[in-house]
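In order of appearance the chains are A, B, C, D and E, and numbering begins at 1 in each one.
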Amino acid sequence: VDKLSLMLDWFPNIDHLPLFVAKEKGIFERHGLELSILSPSETADPLKLAASSHIDLAIAYEPQTIIAASSGIEIKGVGRLIGHPLTTLLFIGGKNIEKPSDLEGKKIGYTVPGMMDLLTDGFAKENGFQKYELINVGFTIIPSLTTGKVDAIMGPYKNYEVVELEQHGYTPGYFELEKYGIPDYDELVFVTGATTLKDKERLIRRFRKAIQEAIEMTRKTPEEALEVYLKAVPEAPRELETAAFARTLDLYAHTQDFSVEKWQKFADFAASIGMIDKEVLVHAILWNGK
Amino acid sequence: MLRLSHLGKKYNGLPVIDQFDLDIEKGSFSVLIGPSGCGKSTLFDLLTGTIEREYGTMEWIGEAVPHLGQIAAYMQQKDLLLPWLSLMQNAMLPQVFSKEKHLRKNKKAKGLFERFGLNGFEDYLPGAVSGGMKQRCALIRTLMFEREIVLLDEPLSALDAITRRSLQSLLLSLQKDFKKTVLMITHDIDEALYLADTVLVLTQAPMKIRDRITLPSEKPRNLDSSEYIAIKKRILSELEEEMQL
Amino acid sequence: MLRLSHLGKKYNGLPVIDQFDLDIEKGSFSVLIGPSGCGKSTLFDLLTGTIEREYGTMEWIGEAVPHLGQIAAYMQQKDLLLPWLSLMQNAMLPQVFSKEKHLRKNKKAKGLFERFGLNGFEDYLPGAVSGGMKQRCALIRTLMFEREIVLLDEPLSALDAITRRSLQSLLLSLQKDFKKTVLMITHDIDEALYLADTVLVLTQAPMKIRDRITLPSEKPRNLDSSEYIAIKKRILSELEEEMQL
Amino acid sequence: MSFVKRTVVSTGLLLLLFLLWEGACRLANIPIFILPAPSRVLFVAVTQAPLLAYHAAMTGIEIILGIFFSITAAIPLAVVMFVYPSVEQAFSPLLVASQAIPVFALAPLLIVWFGYGIWSKVFMAAIIIFFPIVVNLLEGLKSCDSDYRKLFHLMGAPFFQSFRYLYWPWALPYFLAGLKVGVSVATIGAVIGEWVGAQRGLGYLMIQSNARLRVDLVFASILWLTAIGIFLWILVGAIEKRTLTWTR
Amino acid sequence: MSFVKRTVVSTGLLLLLFLLWEGACRLANIPIFILPAPSRVLFVAVTQAPLLAYHAAMTGIEIILGIFFSITAAIPLAVVMFVYPSVEQAFSPLLVASQAIPVFALAPLLIVWFGYGIWSKVFMAAIIIFFPIVVNLLEGLKSCDSDYRKLFHLMGAPFFQSFRYLYWPWALPYFLAGLKVGVSVATIGAVIGEWVGAQRGLGYLMIQSNARLRVDLVFASILWLTAIGIFLWILVGAIEKRTLTWTR
């Protein structure tokens, strides 16, 4: 067996379920792989460490990957985990926010400065509202919303904070970005450093196969997959994760191959809202197993 | 009158002061003389409540008191000057804590600095003056208290003969003018004979009164007279005996 | 021979010691007497390099030395005992720092404790003994140095007459047996006359030598003889004059 | 005041505070994911004891190691800085800088240097504990009375001996004050360290629980962490009592 | 060693360290997004000065306010704890606990209490600075020599006067040691505070730059932050020199 190390984008959560399925169900093993899974201290770490070859694979976000490429970090996308945006503009339902333009004059929180604030600006431009106050709420999402300190937050995941809000007895409302003028993008992708890809191309190819198999197996036997995950991640609260899983199942990538066209569209959009300074030609950073 | 009965204090189970009785006339000047380490400072600490006695009672003018802490001014053997205050500030501390009007005391302190040969050094920090000057400052501080009893633990030990003599007469006049009850520890027998109404010669620890010598009331005294020379010899030989035990 | 020439030290621009000259015979016992605050301790500090002199030179046995720091043992006016070490540990400090064999010194310290009346207190912390006992311990520590010169700043001031007398004779015999050169500061004229080969009477600051009295070499001396009484009177009157300036 | 009476009063005070907190949570209806009531925290801290103990063991080890290494490094550094003021001048900016660096800037570096094992966490904790100890020890050494220093100089004491007999005991109360601060901040130090790719530990448990809005578990972890901190605090207090015998 | 010579030596030492760091970055080929070389950091710190100054001004104000409030709270608390040992017993667990709480547990509470304005950051900084000051001041007060205490008792000094003339000057070197630690950790305190709800400040700039993988800007922010810390450190040092005149 060959060893690979992979760093998650955050602590293990339902989005990572296929990885645990592949690991526990012996799919990696069948492909001659042994995968060690690590958690980062911060969402930008996995990408940095992968780019510098200190780990083999990292889970990153497409916007983040494009930012990295734009600033000259030699990073390669090698696979997909979640094929659409999870990020939403979240608010508490029943408070007169029906359509994006209702956000006119409201306080909008965001999670990550330098990314979500720009995305909000883009969102506002696409949806024709101009006046709003941006507030950096970090990851204190639910408290900020429920205490009314902000009216909406850009950044929460539709399969996660939305469910949490529900579980605390609120009716969540949210705008899915891709439905409101923001180009579709892959929320979670596998990336690796350029040199790692050269050195471990064969292993990574096998990894792509294995992960896709795991996603398919998850789709086929979701209950079993969930059980495997809950066993592997005992600290995960069953109720919440079960509810989250239901909303995630469809979002796991259907193929490991990237759509260069889709990526380029988002990269151009990123440049247009100032998320990146230098334009990025995405075909240079995407690797579809060839 | 100050009356101590059955006073006692042990350290680590060993008695330093044991069943100590003493009567002191109000307004008198008593001097304690005893071997080094016999318990003199400990006695003063007990009197002022600086350390707690284990047993015994104290009476002042017929009334039992827990200790003399608020009745007596106490000059300890260490100077205990605050290093961050100037000599004058150190000396004026008792005044800071009293509620009386200040001007008079201010004058008093200035006068004492003059008489103690410390004029010009009012603003020096204790770290910048000599050992004897520190001792004098501590003595001034003690005299700045206006209390009925004054306890002095070797107040003049670090001073030269002349300064010492002038301060001795100062002490005498203060005691006479203000009718203070003074208890003083010294190792200088001449000093004792010069100042005391009563000299108390103490034994080795556990400390007792070995001899109580009441001196003639004439003051100032001529210590060269045969009477005093005899008393001096007596004290010396008593101390010598104590040391040989 | 110890020769000081033109020694000087100013504090805040005011000279405390100014153009100070002094010759001391090797193996002699010199005693310094002077008004409190005249600069005696400062002189010892200069000699040992504890503070830096501003000008002047020192010679020891014909050779210029920067100071006597490593040649002299110095007992300061404050006891400077370490509060966390027992009396014995404090006294043995010089031994800890020397490279010589220890057993002999251990015995020496024990002997000194005995002779200083401190036996039984070896394991007490300085905080738990009397002022006089601390002073004795500091003196033992100084004697534990094996250096040619010994500087003593009021070493016996806190001791009773008897203990003081016995330690005086001890000092005398130590000096004679080991041929040490001793310089000692005291305020006790009797002590000076009892111990000294030479008494140096000092002026007020800026300090000078006012009088240099060489005493007859007989020791021990009978201080009651008219010769010594005359010298005592002379010193006293000199000091008195100093105080009146 | 006697020891017993003091303990009764202090326990009463603590209870009062907890009651106030409980009351505030209930009356003001503060949602559990903002501030759980102490009763809830206590409940979780007890019922989840096995889980918490599992993680606490790890954090405890990191804290102990962190304290150990920071003391080991702090003492020589403080001494060198004391002896050579130029080293102090050169290093104090670095020391101050070490306190200004957030974890996320350091985390990738720590991983590169130490990998994912316990050492990156220990290092992080050590950096945090280190600082108050060095600063206090240095201040303590500097506060040493010059009369004593000169005495030791005159006695011809070699540096090591001066240190042992004079400087160290002199600075000891300062050192212990620094150590008290150190062991307390060690708790957060280890937690922060665990943000650097840990799989186990109270810090790991906390972020996990926080992200899952199990705020009661976060506070239960804090409670356990505090228990470790207080244990160490009391330990330092006991050391203080035993070693500083001469101060009373 | 003269002041000038010392400064030269210490500058040399610092330069040497920077050269080593530079060399390590270049030779070991550490990528800029993990640890930027000092030359790069310096370059960014200078070329981006206006941006950094804009953010530093905010953080600076937070730090100053944090220091101000923590001193204001620390002195009375330390005094009360000193006077009433039962209060010390009751509060020291809370103090230790305050050091064990990570930001994210506190952040929601801070937002509810203080909103997104400057006060939540000031509070965060204050909590961090507070602790070393209280602990050191308390230790300093406790270290006061019992002979002096008794003297003041005998003189019939009321508490306030005893505090002013005896306890405070006695504890001052401890307090200043605590303050030195405090002003240094204040930097990270303010930064941590800025992770939630800030629109401006070096902490905000840092996460922003980090998210955009501008690690050189992160380190340039640390450099500026360190400069603030060192400035305050030197300030405390100067205060020390001026007030502790009697120690030399």
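To be clear about the criterion, contacts are C-beta pairs under 8 Å (C-beta built on N, C-alpha and C of every residue); 3 or more make two chains touch, one makes a residue touch a chain.
Only a predicted model underlies this, so the values are computations on that prediction, with no experimental measurement involved.
K.L.:
Which chains lie in contact with each of subunit A and subunit B?
P.N.:
E
K.L.:
What's the overlap between the neighbours of subunit C and those of subunit D?
P.N.:
Of all the chains present, none is in contact with both subunit C and subunit D.
K.L.:
Ranked by contacting C-beta pairs, which pair of chains comes out on top?
P.N.:
The chain pair with the largest number of C-beta contacts is D-E.
K.L.:
Enter the angle, 0 to 180° in steps of 5, of the rotation superposing CA atoms of subunit B on those of subunit C.
P.N.:
C-alpha superposition angle, subunit B on subunit C: 180 degrees.
K.L.:
Centroid of subunit A to centroid of subunit C, CA atoms only: how many Å?
P.N.:
84
K.L.:
Measure off the straight-line distance from the CA centroid of subunit C to the CA centroid of subunit E, and report it in whole Å.
P.N.:
50
K.L.:
If you average the CA atoms of subunit B and of subunit C, how many Å lie between those two points?
P.N.:
27
K.L.:
State, to the nearest whole Å, the distance from the C-alpha centre of subunit A to the C-alpha centre of subunit D.
P.N.:
36
K.L.:
In subunit E, which residues are in touch with two or more of the other chains?
P.N.:
Touching at least two other chains: 30, 33-34, 104, 108, 112, 207, 210, 215, 247.
K.L.:
Can you list the subunit B residues in contact with two or more other chains?
P.N.:
Counting only residues that touch two or more other chains, subunit B contributes 78.
K.L.:
Mind pulling the residue numbers of subunit A that touch at least two other chains?
P.N.:
Counting only residues that touch two or more other chains, subunit A contributes 42, 44, 48-49, 52, 139, 143, 147.
K.L.:
Dump the list of chain pairs that touch, please.
P.N.:
Final set of chain pairs in contact is A-D, A-E, B-C, B-E, C-D, D-E.
K.L.:
Going by the contact rule set out above, which residues of subunit D touch subunit C in the complex?
P.N.:
Subunit D residues touching subunit C: 147-148, 150-151, 153-158, 161, 165-166, 169, 245-247.
K.L.:
If you look only at subunit C, which of its residues touch subunit B in the complex?
P.N.:
Contact set of subunit C toward subunit B: 11, 33-37, 40-42, 77-78, 117, 128-133, 136, 154, 157-164, 166, 187-189, 236, 239-240, 242-243.
K.L.:
What part of subunit D is in contact with subunit E in the complex they form?
P.N.:
On the subunit D side, the touching residues are 1, 5-7, 9-11, 13-14, 17, 30, 33-35, 85-97, 99-102, 104-105, 108-109, 112, 131-132, 135-136, 139-140, 143, 146, 173-174, 176-178, 180-181, 184-185, 187-188, 191-192, 203, 206-207, 210, 215, 218-219, 222-223, 225-226, 229-230, 233, 247-248.
K.L.:
Spell out the part of subunit A that touches subunit E in their complex, as residue ranges.
P.N.:
42-44, 47-49, 51-52, 64, 67-68, 71, 73, 112-115, 134-140, 143-144, 147, 149
K.L.:
Using the touch definition from the top, list the residues of subunit A that touch subunit D in their complex.
P.N.:
For subunit A paired with subunit D, touching residues are 7, 10-11, 13, 38-42, 44-45, 48-49, 52, 54, 139, 142-143, 146-147, 164, 168, 235-237, 240.
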